[in-house]
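Next come the structures, one after another.
Here come two complexes built around chain A, the first alongside chain B, the second alongside chain C.
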Partner chain A sequence: MIVKDAVCPFCGCLCDDIEVEVEGDRVVAVTNACELGTTKFMGEKRLKNPIQRVGDEWKDITYDEAIRYAADMLLSAERPLLYGWSGTHGEAQCVGVHMAELIHGVIDNTSSVCHGPSILAIQEVGHPGCTLGVVKNRADLVIYWGSNPIDAHPRHLSRYTRYAEGFFLDNAFRDRKVIVVDVRKTETANIADEFVQVRPGGDYAILSALRAIVQGKTETIPRTVAGVTREQLIRVANLCKSAKFGAVYFGLGLTMTPGKYKNIRNAIELVSELNRHTKFTISAMRGHYNVYGSNEVNTWMTGYPFGIDFSRGIAFYNPGETTAVDILARKECDAALIVGSDPAAHFPRRCLEHLAEIPIVQLDPYPNATTAFCNVQIPVAVTGIDAEGTAYRMDGVPIRTRRVLWSDYLSDEEVLSRMYALMQEAQQP
Partner chain B sequence: MKVTLAMKPAAKGFIPIEAESIVPKNFLSGTDLLVWRGNRELRLDEVFSVSVEGEADRAEGVEVVLSGETFRLKRVGEYMDGGKITVLGDIGMHCGNFMTAGTIEIHGNADGWLGREMAGGAIVCRGDVADYCASGYRGGRKGMKGGTVEVFGRAGDFLAENLADGTVIVHGDAGDMPGAEMRGGTLIVHGDCSRPAANMKGGSCYVYGTAREMIPTFKKIGPVQHDGRTLIQFAGDLANRGKGNLFVKNYEYLD
Partner chain C sequence: MKFLMITGRTVNQGVTVENKTSPEYAAETSTCFMHEFDMMELGLDDGDAIRVTGPCGDVVMRVSASVEVEMGTVFVPYGPYANHILSAGTRSTGMPDFKSHMVEIEPTDEAPKLVHELMEDLGGLAYDR
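And now, the complex of A and B:
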């Protein structure tokens, strides 16, 4: 069987033109997807049933037992942490937020270690953004800043920028200029018209300098700024001002380097400044296929996009205090539920030391680095493969992922709903 | 009146305790107060050994002394409007949030957001302070609006972010981006720091040591005398059409 127009559940591009060939309960071929998406569709060895750690060994348990264990663990905790959420669909994220409120826990998603700073900056100065389709059809200048789409979002270039046709561009490949700003010459830099190599940690200074140059205050800028000559900065500023429609796409090279959200704020303010001369937009290169969705779901349900602390019964938000890395590094939580992410592979060592000390339940189809820290792991269906649900693309467009094959695994939403029902039962007087 | 709160040894490790009820004014009507440990509400005497000496009829006559492992105690002195709080050890986050009057003295170190959005009164920290000392809340346009914060140790990153008014003095070094987005008030760093007064709009920022990674969009005015020191005056941040003043002893660009 061939499933057409499947949605790829890998990166924030959420490509919706994938063809998947299925034989029985197995994907045998994938067309149109990049290497990353193909690998995800083809799958790997999944966990067969829930497992529980007993002493030094793993014991197979039933879904009922595993769900009961998780509910009891979270109900008895004084400061439970519910982390992850980017690798699952919106419907499951909704249940997660309800659960956090019911048990007075902290719910955080992976954006606190990726584009959380972008959101902090947007909260300070707003977001002059647009959808990917607008960029594809109109942009004659694209800037990739601290992001490397050839490796991380391979089809971003072919579907929306460098290699895409544009409705309002006669010859998109010739007319569209690409500028890459990075600390090293990446694969994407090789296909750029202009490459700006910044000294590590120098993005903020470059952005400030560009803002001043766009305002015509060139004389105060030193001869070089963070490894970039004043001449090149003036050339880049002129390229931006003379573009008809410019789009900036930034990645973790900007959000996770010194200054963090201040870098993004400066980039947004540069874009605002450029909008006095031409049309310019800026957007984040979101990583997980539904990390944007977890911000959306959290925001419409609680008012805040990530790092929400319900311990007092009301939502409190303060990244740096209520975010997973900070809570774990300070040893502030006493139980954790991990859904659709792998903190043990990404968090600092100090956080892992605390993860090793507290009870953890993980919902994930595959054994991963976090499995080593778990008391119980519950395998679930993979959204976009054997489960379906809503995901948000990196530009905020919701796209419903499709099921391409049927399996006996429960989806994240089903497992979490059953867990939530047990908690509601226990909380009733 | 002197209220002594000695923290009892904790059964459950490091779970933070939110104690915004620890404000001098509240002790005028007794010690029957509540605090939160994680998602559990506890009586003050479940967490502290409480003792009271003397009497008072106004907040100004109350001194609260905190001892023990107070480093995980958050929001002490929130909305404080008079009296004194003395912390003998370290204090947790958000100490002195929104305070308008009175004095907080910390003998140890203070965690993040010390004196967040304070409007008046004085905070003295004898040790180091973590990030966001004397700053604002996320997304807010104004940070500290009045009063004084004096730190004798070092300060972390984003010291006095969005400073709108009041005075912040750090005797040691400060971290990255002190005085970011400041729009008024005075910030003085006796030691070194990096990227001071980024995107400033107004106010005055003094660095008596070396300003590393200077923001390139400050216009050099020239040397000035200040408090017996020769400092170099800059105006900026030009990128923000700012009209602030930055004074530094030495500076270096990331070139």
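And now, the complex of A and C:
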């Protein structure tokens, strides 16, 4: 059976033109997806049933036992952490928020270690963004700043920018200029019309220099700024001002480097400045396929996008205090539910040392690095493969992912709903 | 020698990320991309083992020559190896300094550990070796 127009559940591009060939309960071929998406669709070695750690052994348990264990663990915890959420669908994220409120826990998603700083900047100065379709059809200048789509979002270039057709561009490949700003000469830098190589940590200074040039204060710029010559900065500023429609896409090269959210704020303010001369937009290259969705769901349910602490009985948000890395590093939480992410692979060592000391339940289809710290792991269906649900693309467009095959695995939403029902029952007076 | 360590996504990291117990994921995330001149300075060939020491400990990786990084900078695909030596401080943002740690690098005869060995060193118990 061939499933057409399947949605790829890997990165924030959520490509919706994938063809998947299925035989029985296996995906045997994938067309149109990039290497990352193809590998995800073809994924094997799933965990077959829930497992529990008993001493130095792993034993198989039933779904009922695993769900009961998780509910009891969360109910008896004083400061539970519910973390992850970017690798699952919106419906499951909703249950997660309800659960966090019920047990007065902290719910955080992976954006606190990817584009959390971008959201902090957007909260300060707003977000002049647009959908990917607008960029595809109108932009004659695209800037990738601190992002390397060839490795991280391989089809971004072919579907929306460098290699895409544009409705309002006669010859998009010729008419659309691409600028890459990075500390490394990445593969993406090799296909750019202009590559600006910044000294590590120098992004804020470059952004400030460009703002000054766009404001007409070119005489204030020294001979070089963070390793970039004055001439190149003037050339880039002129390219921006003379574009009919420019789009900036920034990655973790801005959010993780010194300055963090202040870098993003400066980039947004540069875009605001450019809008006095032409049309310009700026958007984040979101990583997980539904990390944007976890911010959306959290925001409409609690008012805050990530790092939400319900310990006071109401939603409280203070990044740096209520975010997962900080809570783990301070050894503050006494139990954790991990859904759709792998903190043991992606958090600094000190956080892992605390994960080893507290009870943990994880919902994930595969054994991963966090499995080693789990008391119980519950395998679930993969959204976009054997479960369906809503995900938000990197530009904020919600897309319904499709199921391409049927399996006996429960979805994240089903497992979490059963867990939540047990917890509600236990809390009844 | 001291280096600035930058972490980030690579295609191979992304391809193996759903199979973290595989040797391919371990090999990719324990690769340290370095400028050839820096490798000459340290007397390293492609694939040689190096000990990388950061603020929170040390970890063994393998070096790979890269034209993408500048001298004095190394690039490591993000994952359990780089995170084994990074500090958890977030400067009140929630975000650790994933791209701005200074590390010390020296040649070593030890081989890099597997992912499950790193997890067990920190108190975990591997499920699927």
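In the analysis below, the second predicted complex is superposed on the first by the 429 of 429 C-alpha atoms of A that agree within 3 Å, B and C clash if a C-alpha of one lies under 4 Å from a C-alpha of the other, contacts with A are read in each partner's own complex, and residues count from 1 in each chain.
Note that in this section contacts are C-beta pairs under 8 Å (C-beta built on N, C-alpha and C of every residue); 3 or more make two chains touch, one makes a residue touch a chain.
Bear in mind that the values here come from a model prediction, so they are computed numbers and not experimental data.
Novice: Could you check whether chain B and chain C clash or fit when both are placed on chain A?
Specialist: They fit: once the shared chain is superposed, the two partners occupy separate space.
Novice: According to the stated criteria, A:Phe168 is in contact with first (chain B), second (chain C), both, or neither; which is it?
Specialist: neither
Novice: Looking at chain A, does chain B or chain C touch a larger number of its residues?
Specialist: C
Novice: After superposition on the shared chain, which partner residues are touched by A:Pro319: those of chain B (first), chain C (second), both, or neither?
Specialist: Both: A:Pro319 reaches chain B and chain C.
Novice: Pick one for A:Leu120: touches chain B only (first), chain C only (second), both, or neither.
Specialist: After superposition on chain A, A:Leu120 lies in contact with both partners, chain B and chain C.
Novice: In the overlay, answer first, second, both or neither for which of chain B and chain C A:Tyr63 touches.
Specialist: Touch status of A:Tyr63: no partner.
Novice: Look at A:Gly201 in the shared chain and tell me whether it touches chain B only, chain C only, both, or neither; answer first, second, both or neither.
Specialist: Once the two structures are laid over each other on A, A:Gly201 reaches both partners.
Novice: With the two structures laid over each other on chain A, which partner does A:Ala212 touch: chain B (first), chain C (second), both, or neither?
Specialist: In the superposition, A:Ala212 touches chain B alone.
Novice: May I ask for the angle at the C-alpha centre of chain A between those of chain B and chain C, rounded to a multiple of 10 degrees?
Specialist: Angle at the centre of chain A: 80 degrees.
Novice: Counting only touches as set out at the top, which of chain B and chain C does A:Glu332 meet: first, second, both, neither?
Specialist: first
Novice: Across all Cα pairs of chain B and chain C, what is the smallest distance in the superposition, given in whole Å?
Specialist: 6
Novice: Once the complexes are superposed, what residues of chain A are shared between the chain B interface and the chain C interface?
Specialist: Overlap of chain B and chain C footprints on chain A: residues 120, 201, 258, 319-321.
Novice: Once bound in the complex, which stretches of chain A touch chain B?
Specialist: Per the stated touch rule, the residues are 77-79, 103-105, 120, 123-124, 199, 201-202, 204-205, 208-209, 211-212, 215, 217, 220-227, 258-259, 262, 265-266, 269, 310-313, 317-321, 330-334.
Novice: Quick check on the complex: what are the chain C residues that touch chain A?
Specialist: Listed in rising order, the residues of chain C that touch chain A are 4, 6, 8-11, 14-16, 18-21, 29, 56-57, 67-70, 73, 75, 78-80, 83-100, 115-116, 119-120, 122-128.
Novice: What residues on chain B touch chain A, complex-wise?
Specialist: Listed in rising order, the residues of chain B that touch chain A are 12-16, 18, 36-40, 72, 93, 112-113, 131-132, 137-139, 176-177, 180, 195, 198-199, 213, 215-220, 237-241, 253-255.
Novice: For chain A, which residues are in contact with chain C within the complex?
Specialist: 10, 35-36, 39-40, 43, 45, 51, 53, 56, 58, 108, 112-113, 116-117, 120, 148, 150-152, 154, 183-186, 197, 200-201, 252-253, 255-258, 260-261, 287, 306-307, 319-321, 323-326, 328-329, 342, 344-353, 355-357, 366-369, 371-373, 377
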